[in-house]
Every structure is written in structure tokens, then in C-alpha cells.
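Single-structure report; data block below.
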Amino acid sequence: MSLLSITRMQTNIGQYAVLHDVTLEVPEGGVFVLLGRNGAGKTTTLRSIMGMWRPSPGSVILRGQDITALHTADIAQLGIAFVPEDMGIFGSLTVEENLILATKSGQFDQTRLQRIYTLFPAIEKFWTKQAWSLSGGQKQMLSVARAIIEPRDLILIDEPTKGLAPSIVDAMADAFAEIAETTTILLVEQNFQFAKRLGRDMAVIDDGRIVHAGTMADFVADQDLQDRLLSLSA
Amino acid sequence: MTQDKTTGALIVKAIVLVIAAALLFAPFLFQDVRSVEVAARICIFVVLVASYDLLIGYTGIVSFAHTMFFGFGAYGAAIALKQLGNTWASIGIGAVAGIALSLVLAVAIGLLSLRVKAIFFAMITLAAASVALVLASQLSQLTGGEDGITYRTPDFFKTATKLMTDEDGKVLRIAGVRMNGKLAAYYFVFFTSLALFIVMLRITASPLGTVLKAIRENEARAEAIGYRVVSYRTFVFCITAVIASLAGTIYAIWLKYTGPDTALSFAIMIDILLMVVIGGMGTLWGAVIGAVLLVMAQYYLRDLMEVASEATANIPVLPHLLEPDRWLLWLGLIFILLVYFFPKGIAGTIMDKGART
Amino acid sequence: MDQLSQTLGRFGGVNLLPVAVALIAFVLIGAPSSWVTLTVAGLAMGMMIFLMASGLSLVFGLMDVLNFGHSAFVSFGAFVAASTLAYFGGWLGSGSVALASLALIFAIAAAVMFGMIGGWFFETVIIKPVYKDHLRQILITMGALIVAEQIILAIWGGTPMTVPRPAFLEGSWIIGDVSIEIYRVFALVLGVAVYALLYLVLNRTRIGLLIRAGVENREMVEALGFRIDRLFIGVFMGGSALAAMGGATWAGYQTLIDPTLGAEMMIIVFIVVIIGGLGSIEGTLLGALMVGLVSNYIGFLAPKMALASNMILMVAILLWRPAGLKPAIK
């Protein structure tokens, strides 16, 4: 059974239909990459899963439970974390406060915290700094750290490499690979090189519709398909 | 909008036409002083509310300074008539002064607050209006303070002026109505109000109106297409300020008295809000319906409540709530319910009816 | 110039504004005794306004809800407290400080209770249906304000009401040639205590952490699994209770209150939150102190200007910092 199944999801923002027909099966484990050009509906798909925009009609099922109509907070409680494109960092809060806020109990689980320190040494270094003073890459790390401070089933990550230096992108890729050993990641990307390294399964979205779904290995092997679908994304 | 072509829209326009006809013949249809008073007030409030609708209904921004502009026009005319004598020239000077002041403040407020955050606008206009109100009562040499100013208007509008005379040299009566200056004053109010209303209708039908509707539907998109939303809003704010100011001048001429209660008080602002919401925002027609209903209510509902209050004199609490002074309580409740359940007001709700035909 | 602003920033930046205003006033006034009296009066007034304004600011920051009906709680607080004090008139007149204090505590508690209950009602019935719709929010809360004012008129009547206050808060302390009204000190102490409490709650508790994060980015807090709307009811009730407390204190300060009190204070409250920057408690305090000090100084230096002084202050600050002195980070 898939971890997350999305069936015929349609989402309107105001009077504009952004998603027309999104059907996706995200299997348990590994990184699932959702590719697509700007405005294709990638972010909207993630926000619809998170309940920040209401799909109708359509359904979102997490481990057999229908979460389509649930409140964002309840969806989060069921084990989905969201790393938005703008990272959603609380700038006036310190790094520590950003993380402690994301814990359920208000207390850190030391082993998880140690793991975060190893993944992102900058978090420990800037522990007491206000988050607005961090660099773009550090903010991205904090946002990801916030998503894994509690055990989660699924992490939605929206274009994490946007605007980051290549060295940081590499570090990020390593971190994601490690996180994906224990948690499923649904990654939205435009950077195909980055996506290729991480993805096990993938799908391409265009104009609010899923136009291709399969394994990353097949997709990488099929140059024709890539040219056809990613020229859309060019 | 497809709304314009519905049967509902026809009904609304028919109602407005009936109202306009009733106002046109008001002195003949209702031959007592109070009714003509009501009719004139309706004319002026139609203009005032329609201009407010142009702002709130077509741009979605809430201003609490509309009475302030109304007051500038009224006080401009009042002070000019008092200080410079009761001539047409005084009215002209007063009107221009009122408009000038309104424009300066509208530009200042618009640029200061519309740029920052639309929500500031409501608060800043409220603050500005309250300062204007207090200033009016403080500068008593000029404004007469709390007592206001009484003055004479051009002789043409005097009740003693004979517009037409019969063979005996007495004032001519047509259908029982005296052709005197009072009648001239009423028609002055009616036709200037009508002209202003038509100007506003033209504005909504013009390219400017189209842009405003685009901004109202989707601000971000309009901005993306390249409309300078802030400039447009400031511009509309200025237009509505000018029209409100003119309405104030007309009212000052009609009343021959201007004071805080008739021209500046916050109660008028509340009236305008009630009228525009009850009538229906964003149509201009709604302003007509709202103004008629509320002005009538102001004059006649109190009488009704008086009766109700006396009838329930033996029941505790209830007579207190039905006291004529408490009529705002009930209007406030109606207002809240309307905003919840009929946000489009009377006109908007009727216009949606028959939308499928 | 940059260096100057950096040095200023190190010493507290905009926090220094009230101090600067006080210093300038000291020079202009010339008489130290008057200056002390005015400064105490200004600070006391500022703290009372802070009580009234803090809730409005937080409520806006957290949910983007601008409550024009906020001042109704100020009025209700004033009248509930005045009626409670009148009810315990015997205790006030008994000469016993303990009994009089008890009456005072009851009065403030009654106002606060009323604010909480009224706030709960207001949030659930009036505001909840119009979240995220600013136009209807402004209209509905304005409508609610009209109704609330009418209810006050129906219950307490339109004539001004005298507010009895405990004897131990009457009169002034005379130190040298400086005279300080005791009630002002009381208001000042109360305001500082509430501010300290608010500061601790916001900065030292988990709820406070959620509120601060929610003011900055509500959606993200929800995406982390917290129901901001449930938190919001609490904040709204607290904010209304503070407004009522502010109204109660103001009633004691004015000693003669009438139903227009709320509407009058609303303007000042709005100016304060605009000056301070919506959504931040520190900003609100700063704005309130500025307004309190400036109106007292100007009232002394140029009485004719007193009225416009708040408006001028607001315009000046907005031209300098369009988002207010210390806005919450958004």
C-alpha cells in the first residue's frame, strides 16, 4: 500500500483552477520527486496535501486515512511535515526556539537533536541566534531540521535548492539521502541534476495534471521522454 | 459582469427609476414641509452614499473620513455665505474651498496610508475624521463651534421669492404647490444631486471603472498586469472626496444651517455605512435604495418605536430597548445580520435573482 | 550618519524616543517641578492606553483581524468597574484601607471578567464567520461597536456617571515643590505590572512562543501541528480583558465617565498601534508612552495644539517609518 495516495485532486485558488487532475501514489520510503516547470502546480500540490488549500473534488489518503478535509494542524499531527519554498522560518525567534516550537512536548529528544547537529553543524553553531540573521542555506537547514525534530512519516519539501550555492546543494543532497533512510520525502524540484541524485520514484506535473509517473532510473534512461517532458520544464 | 443583464437587475433599475420619479415630483406628491425635507435629505444622501460606494464597493477600501469631506463642503459654503454675504459667488467660493481642502487631505491620506497597508487606511481616516470634528468645534470664531452656523442663502431660494405669479401678483400655485423659492431650492438640490449621480454612473462605465473592477476582483493580478493599484485607489479616493464635498455644499444650501451634527458627526458616517451596506455595495443603484430606506427610517421609524415603547410600557427592559433613541441599536443588529447573510445588500441580492435567465 | 544610527541602535534605538521626547520637553518647559508632574502624568496615561491597545495589536498580529469593536470593551470595562465601585460604596467610605482595596480589586476583577466573557462571545459570534475578509470584518466589528454603545446607553443612560474611588488613591504626594497625583502612580504601577506579566508570558512560556511564532507566520505554525484558531480565542479574550482593565483604570482616572468614552479612546488606541507597529507588544508600549508623554507636554506648552498633537505625531512617525516604530516581523 502506498504511504500517500492522491486521487483526481482539483484545487482552485480564488476563481482560477490551478490543479485540474492530480493523481499520485507515493510509496513508503525513499525520495519521491515531483518535477515540473514554474506554475505547473507543484507548490499547489504540496499545499493541497497540507490542507492549506482545499482540493475539491479529489481525495488525499495517508496510510488509508482520508485527510482531505482535515485542518492543517491535524494533518501535521498525523505525521506530515512541510518545508515550504520560503522556508517558513520564524525570524524573530532564535534557532533553538524555532526547533523547540516544532516539538510536540516542548522538550528535545537528545538523540534526534544530536542527529540534527551531525546533519547540519550550523544549527548547533548558531543555536542562540535569531533566525533572521542566518544565511539562506542555514535557514533552509533549519527548516529541514524543524521537519525532522519529531518522527514523521512524510516530509514535503518545496524547491530546497533554489538560490543556494552548489556546495550547500551538495550538503543538502547528502542530508536528504540520510533522512530518506528513515522517512519518506516528497520533493518538489526544478533542478533536475539534484533530483536525479536523490529520486527513487518520480512524476512530472504540467498545467495542473500529472503527465508522467514512474521510477527515476527509467526516466533517466529514457532520453526521449526527458526531452519531451523536461522541455516543458525548460 | 453578467449581473447587468439579469431580470433582477431590471427590477433594481425599475425601483430606482420609481424612486427618482417620486423624488422629482415629491413637492407635488407629498405636500407637507416634512416630506419635502425628507426628499431633499434623500437626494443628498444618495449622492453621498453613492460616492462612498464608489470607494468601498469598487475598490474594497474602507474610509471613515467620508463625512469629513462632506463637512468640508458644507462648512466651506456655510462660512462663505456667512462672511461674504448670501450670493452665488459665496457659494462658489465656499464650494471650491471645500473641494480644495478635501483634495489636499485626500491626497495626503491616500499617499500616506494606501501605500503601506490597506488596513491602516481605515484607522487613519478614522483618526483624521475625529480630529476634523474636534477642530470644527474648537475653531468657534469660524465654525460657530458646537452651535454651528446659521446663514442666509441667495434670495432666489427664499420662501418669499415668487417664481411665478398669478394675475393678482400672488405666488402662483400649480396643483396646489406654491411656485416659490423653497420649491426652487428643492429642485436645485434634486438636479445637482441627479447630475452628480449621473457623473458617477459615467465613471463606473468608463475605462476607469473597468480598471477598478479588475483591481477589486484580483488585486495581485491587476498589479501584475501593470496597473498601479495605489495610484488608482488614491485617485478614486480623491474623486469621491470631491463629490462628498459637493454634496456637503448642496446640503448646506438646503439647510441654511451647518453644524457638527448635520455635517461632520460620526453618526453621519455610521448612517452612510448602514446605507451602503443595506442598499448593496458595488452597484451605485444600491446606494439609492439604501439612502431612501434609511432616511425614511430615521424620520418615521422613530415614531413607530415611540408607539411600540409606549405599548410595552408595563413589560420590564423592553420599553427601554424600544425607545426611539435606541433605534440605532436595532439598525446596528440589522446591519450585522445583513453583512453576514446578505453581504451584497438589497440591490446585489435582487440583482443575483434570475441570474440564470 | 551611519555610525550615529549604529551607536543609537546599540543604546536601544527607537526605545530611546520617549527619553528623547522627555529631555526635549525638559528644556522647553524649564521648570523641573512641572516637568516631573507632566512626565508622571504622561507615563501613567501611556500605561493606561497601553492596557487598552495591547490586545488590539496582538489580535491583529496573530489573526490579521482588525477589531473596530475593541473600544466597546474599554467602555464596558469602565462602566462595569464604576458600577462595582458604587455597589461597594460602603467599603470605600468605611475608612478601612483593606476594605477599600478589596472593593478596588473587585471592580477591576469584574471588568476583567466581563472582558473575558464578552471577548469569548465577540470572537465566536461576531468575528469567527469573517476571518480573512477585511472589508466585512471592519463593517461587522463597526456594527458591533454601534450595538455595544447602544447597550451601554440603555443600561447606564446617557448622563455622565461619577466614579467613586478609594480614599487612599485620592490626593497627591508633595515632594519639595513637585506634586504627584497618587492615582497616576497607581495606574503606572498597574500598567508596568501587566506589561511585565505579558512580557514573561510571551517570552518565557510555550504559549507565548506559539503566539510570537503565530504573529510572524500563522500558516507555518499550523503546518507544525498547532491550532492557531484555538489559541486565538484565548488571545482575544485576554486582549479584551486588558482593554476592559484599561477602561476600568481610565474610569478611575477620569472620575466622570460617559458612554462616548470608548469611541474617544478608540482613536487614541488606533494612533498608538499605528505608531508602535501592529502585532508587537513592545511597539504598542512604545507608541502608548509616546502618545501619553507628547499629549501631556503639548497640553502644557501649547494647549491649542494638544488636540492635533497625536495626529501630527502619527504622521511624522509614519513618514519616517511607514510600518511603525517596532512592527512585528512578518
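First chain written, first letter: the chains are A, B and C, and each begins at residue 1.
As a convention for this text, contacts are C-beta pairs under 8 Å (C-beta built on N, C-alpha and C of every residue); 3 or more make two chains touch, one makes a residue touch a chain.
Just so you know, these numbers come straight off a predicted model, no measurement behind them.
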Central chain of the complex, centres being mean CA coordinates: C
Most remote chain, CA-based centroid, reference being chain C: A
Averaged-CA centre spacing for the pair chain C and chain A, given as whole angstrom: 43
Centre-of-Cα separation between chain B and chain A, whole angstrom: 54
Inter-centroid spacing, chain C versus chain B (mean Cα positions, whole Å): 34
In the complex with chain B, residue positions of chain C that touch it: 60, 66, 68, 126, 129-130, 134-136, 138-140, 142-144, 146-147, 150-151, 153-154, 263, 266-267, 270-271, 273-274, 278, 304, 307-308, 310-311, 314-315, 318-319, 322-323
Parts of chain C lying in touch with chain A, wherever the complex brings them together: 206, 209-210, 212-213, 216-217, 219-228, 328-329
Complex contacts: residues of chain B adjacent to chain C: 56, 60, 62, 112-113, 115-120, 122-124, 126-128, 130-131, 134-135, 138, 266, 270, 273, 277, 320-321, 323, 325-326, 328-329, 331-333, 335-336, 339-340, 343
Complex contact set, residues of chain A against chain C: 50, 52, 71-74, 76-77, 81-82, 84, 88, 90-93, 97, 100-102, 104, 106, 132, 146
